[in-house]
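Next come two complexes, and both contain subunit A; in the first it sits with subunit B, in the second with subunit C.
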Partner chain A sequence: MREERIIKLLKTLGVIFLLVFCLFPFLWMIFISLNKNPDFLSPQIEFVLTFRNYFEVATSNKFHLWDYLMNSLVVSVASAILATFFASLSAYSITRLKFPGRIVIPLLLLGFSMFPQIAIVGYLFGMITDFGWLNSYAALVFPYITLGLPLALWIMLSYFSQLSTELDKAALIDGASRLQILFKIILPLSLPALFSTFILTLIYSFNEFLFALMLTTDYHGRTIPVGIALFEGLHGQIPWGYIMAASVIAVIPVLILIALFQKYIIQGLTEGAVKG
Partner chain B sequence: MERSKTNISGETKTAYLFNAPLIITAVIFVLIPVIGTIVTSLMRDVTFLPEKFLVFENYQRLFSDRHFFESLQFTLLFVVVSVSFELIFGLAFALLLNETLPFRGFLRVVILIPWVIPIAISARIWELIYNFNYGIFNYIILQLNISDQPVSWLGSSIGAFAAVVVSDVWKTTPFMAIILLTGLSAINRDLYKQARIDGTNFLQRFFKITLPLLKPVLVVALLFRSIDAIRIFDLIYVLTGGGPGGSTSSLSIYAFNYYVSGDFGYGSAVSVIVFLAAGLLSVLYIKFGKFRETLQ
Partner chain C sequence: MIDIKIKNIKKTFFTVKRGKVEALKGIDLEIPAGKFFVLLGPSGCGKSTLLNIIAGIERLSEGKIYFGEKLVASSDEKIFLSPKERDVAMVFQSYALYPHLTVYENIAFPLKIARLDKDKLDEKVKWAADILEIKNILNAKPGELSGGQRQRVALGRAIVREPNLLLLDEPLSNLDALLRITMRSELRSIQRKLELTTIYVTHDQTEAMSLGDKISVLKDGVVQQIGTPEEIYNNPANLFVAKFIGSPPMNILNENLVRHLNDQLHFLESKSLENVVVGIRPEKIKIVNKDEGIINAKIKMSWSPGGDSLYYLEAERNEILAKSSEIENIKDNDDVGLKFGKDDLLIFDREN
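Moving on to the complex of A and B:
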């Protein structure tokens, strides 16, 4: 009985700690974004609540907030769709067809995902410049596909390998092609996995920083993380209120995703990232 | 006989067509750049100077570069300290979320928040929290009389190291917790019931049942996080810029600074070191990760 009580106490303390740990910086961001004087903790500066920061970053065309957000959205949706599509094709062939390379391809891709970005970005910069892609969507979409591919492939692999191959055999006898089987039978049965893959690759691309920093130059191509990181005041003063307001607006899309699709995200992460 | 033969080659052909988009993208945007970086590391590739093949001169320069070793030391120390804390907090959160709790669904959303916020953005939030004059940390320290002077979080090398570790642990603990949680939920609950009947306390159950059964997942999660931590860039770039005085300059930051200053040859050599370190850990990761078994 004593042990029961200790465990109960530990659980309560644990939940409180978890909430403070995870939420404090997040709530602090929201709090400062609603503040007229972000430095109100220093003496003689008063605390004044305001929505002006939001109004300013949303309406002033100096900050390009909507340009950055739009770029982020286009680039991450495009790369997530393509990564999910490429991974589905590959996972189908790996789970259904016999060919040399069946084992090597997914393992090599997994190895690729461990390559540090810094060992890619220097040379990639030269390539993207040669392609004439600098500061365009293409400059980020293609590298971002490779960022999400390993995870996407492994999620689709574990899902497809659970689907019975009897369906394929029946369809083959009816004269369907492999591509038809994938699109008409397998993919409609795999919506949860497709969904996990799409959301996770979307989040990966949305959060990416180093490629976006090197391969874009201004608001025509720059994504929101880089936009906010390089957000500086005009006179050396860091405009914290604006930065935090822009940050709150920037994280709203991903917060909605985790609130609605928590289950898919956790499932995808555990299937795709780590086996044990 | 004849028919089945053409069937097999047809199957192989289909398989390669299905894998072509993935392979082509990965080769152009990952493999070629990495090989390019390795080749560049063997050359003098400096803006405004003619390119020259040097073989190992960049690497010789590395071995006599004090700042490179400082950067290497910082990176390794960061990996060890950061990943250790992540493991402790991640395991604690996983154990907690594995219990029956009220609002468990809500807590699982809350724990994803640090993970989902882009690092560049969370780095700015932390930058404000650590602010010398009006950051909340120094405010609390002064109010509670922990110290009579504000702490120079980002202005001293120890403070900056702590700042980077705290922010990184905050960001990556959720991932660790989620991975370990799956490992925990795979453990058969009957084992605990039986152990309870045998009169064990919860510490004994943790060390005799939970930890040994969780070990495979634990090892893989640790390797995965170490590979990620050894490449750290975004957080440091935004939070400290590698400073003060280069004291938080990770290998990736160190390489990046050479790229920016136009010395691609030397920057590439530093990048190759990061690549080798991550590569070594990756081999272990793929070996321990039982990925082959998924492929049958």
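Moving on to the complex of A and C:
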């Protein structure tokens, strides 16, 4: 009895610690964004509530907040959809068709994803410039598909390998082609995996910084993480209040998406452990 | 209705664990049109591989398959027709229904793929549902159905196209005992009604015996015997078939007992004792009073699992099982005689 209570207490403390650990930066971000005097590096913090930071970044033209947000959404949604699509095609062929190298390909892809981004950014810059894509959506969408693909492929692989191949056989017997099987049978049954792959690759592209910094030059192509990072104050100081307010606003669309798909994402991520 | 000819099919594949595996070692079969043909064998004998090869899901390594006059698979001519081109239907052990589609959509799936127009499709689905008596569950999803109902839906999806050939891969083994027996007879009557050429794979010999017009017994990728259920039961081609068919299983007699019996019945003729294995089916043994039979035996145990009585006997240090439909007035440890004729004994060459 005593022991149970101690365990329960420890568990509760653990959860509280984790929550504080994870949520504190966000709470701090909100706190600063609402503070009239956002110099949070000084030892005495006085808090004066204001919404001026939000108002300024949302309305002032010099910040281009809505341009950045729009760019981010277009780029990340497009790359997430395409990465998920390509991942489903390849996961299907790897799990269902017999061809040489089908075991090596996912491993290679995983290996490539360990390459530091900084190692390829120089070459990528040259390539994108040659294509004439600099500062366009395409400059980010294509690299993001490549970056998201390893993760997307591995999620889809683990999901597809759990679906009975007898379904494929049955559909083959019923006269369906491989593509028909994928689109009419396998994908409708993989909605949880599709959603979680989509959301995870979307978040990845939404947050990506380095490529976005190198491959875009102004608000026509720049995404929100880079946009916010390059906010400038009046005399070159860092405008923490605006940065934090813009960050809070930038989190909202992703939060909405996750809230919408939450049920499926959890299902998709835990599907491997417990057979549904 | 077409007949199927299978000529010298071989299948070899490689696995990391087992290396080169010869799943089928030269199978020759002729499946007559409109008949119910059973592939019977223990697990791992290659029967499901053979079925997949006939269906066109797997490729053969060597050999030829004819559907009627048409060559559908050949290693020499590099011909391999898809299941669609072969026009086969199949029912799987797991039923393999599409979980996200309703029963109606499941049955309609092959017709939709074939781009049948809507009225014709509807008519066909209703026709199949009528035969299988599943009209009342057409709007349900497979997850809501019982095993027996899923089985019917899977069968409905198979027959709705009226295929050239119906393939059944252990379709009844996931059902409970009672349902299995009713489905068995229903399956048989549907097959007769539609006159579908049917190949049925099973490891269950009672199922094979009660369903098949013809049975082919397989072991280790080799056909052991092809024949009607009666032929296989009464004249098993070898010891494996004799042991595999029949429930309760055949008795194998030891040397002592064989010598003893041979002194009276002279069945060995010119064969020598060391080169043969002698067996007798439990139901061929008649239990009589002591000293009235060919040999004497002692009852070790008896039980009646409904209807028939089974006797567990010992004769010449040989354990023998006898089956009788008459309830005899015998107690355990009684001494009795056993009676049977020369023709009741099954004699096989001893395999090395």
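Everything below uses one rule, namely that the second predicted complex is superposed on the first by the 233 of 276 C-alpha atoms of A that agree within 3 Å, B and C clash if a C-alpha of one lies under 4 Å from a C-alpha of the other, contacts with A are read in each partner's own complex, and residues count from 1 in each chain.
Quick note on the criterion: contacts are C-beta pairs under 8 Å (C-beta built on N, C-alpha and C of every residue); 3 or more make two chains touch, one makes a residue touch a chain.
Nothing here was measured: the structure is a model prediction, and the numbers come from that model.
In the superposed three-chain model, the partner touching more residues of subunit A is B, compared with the other of subunit B and subunit C.
Look at A:11: by the touch rule set out above, it reaches subunit B but stays clear of subunit C.
By the touch criterion defined above, A:19 lies against subunit B but remains apart from subunit C after alignment on the C-alpha atoms of chain A. By the touch criterion defined above, A:54 reaches neither subunit B nor subunit C.
Judged by the touch definition given at the top, the superposed model places A:149 against subunit B, while subunit C stays out of reach.
Judged by the touch definition given at the top, the superposed model places A:198 against neither subunit B nor subunit C. Of the two partner chains placed by superposition, only subunit B is touched by A:94; subunit C is not. Of all the residues in subunit B, the ones that touch subunit A in their complex are 8, 11-12, 14-16, 18-19, 21-23, 25-26, 28-34, 36-37, 40, 89, 92-93, 96, 99, 101, 105, 107-114, 116-126, 128-129, 133-136, 139, 170, 173-175, 178-179, 181-183, 201-202, 216-221, 224, 227, 230-231, 233-234, 237-238, 251-252, 255-256, 259, 264, 267-268, 271-272, 274-275, 278-279, 281-282, 285-286, 289-296.
Here subunit C touches subunit A in the complex through residues 52, 55-57, 82-84, 88-90, 92-94, 96-100, 109-110, 113-114, 157, going by the rule given at the top. Here subunit A touches subunit B in the complex through residues 3, 6-7, 11, 14-15, 18-19, 21-23, 25-26, 28-29, 32, 38-42, 45, 85-87, 89-90, 92-94, 97-103, 105-107, 109-112, 114-127, 142-143, 145-146, 149, 153-154, 157-158, 161, 178, 203, 206-207, 209-210, 213-214, 224-226, 228-229, 231, 240, 243-244, 247, 250-251, 254-255, 257-259, 262, 265-266, 269-270, 273-276, going by the rule given at the top. On the subunit A side of its complex with subunit C, the touching residues are 164, 166-167, 169-176, 180, 185, 188-189.
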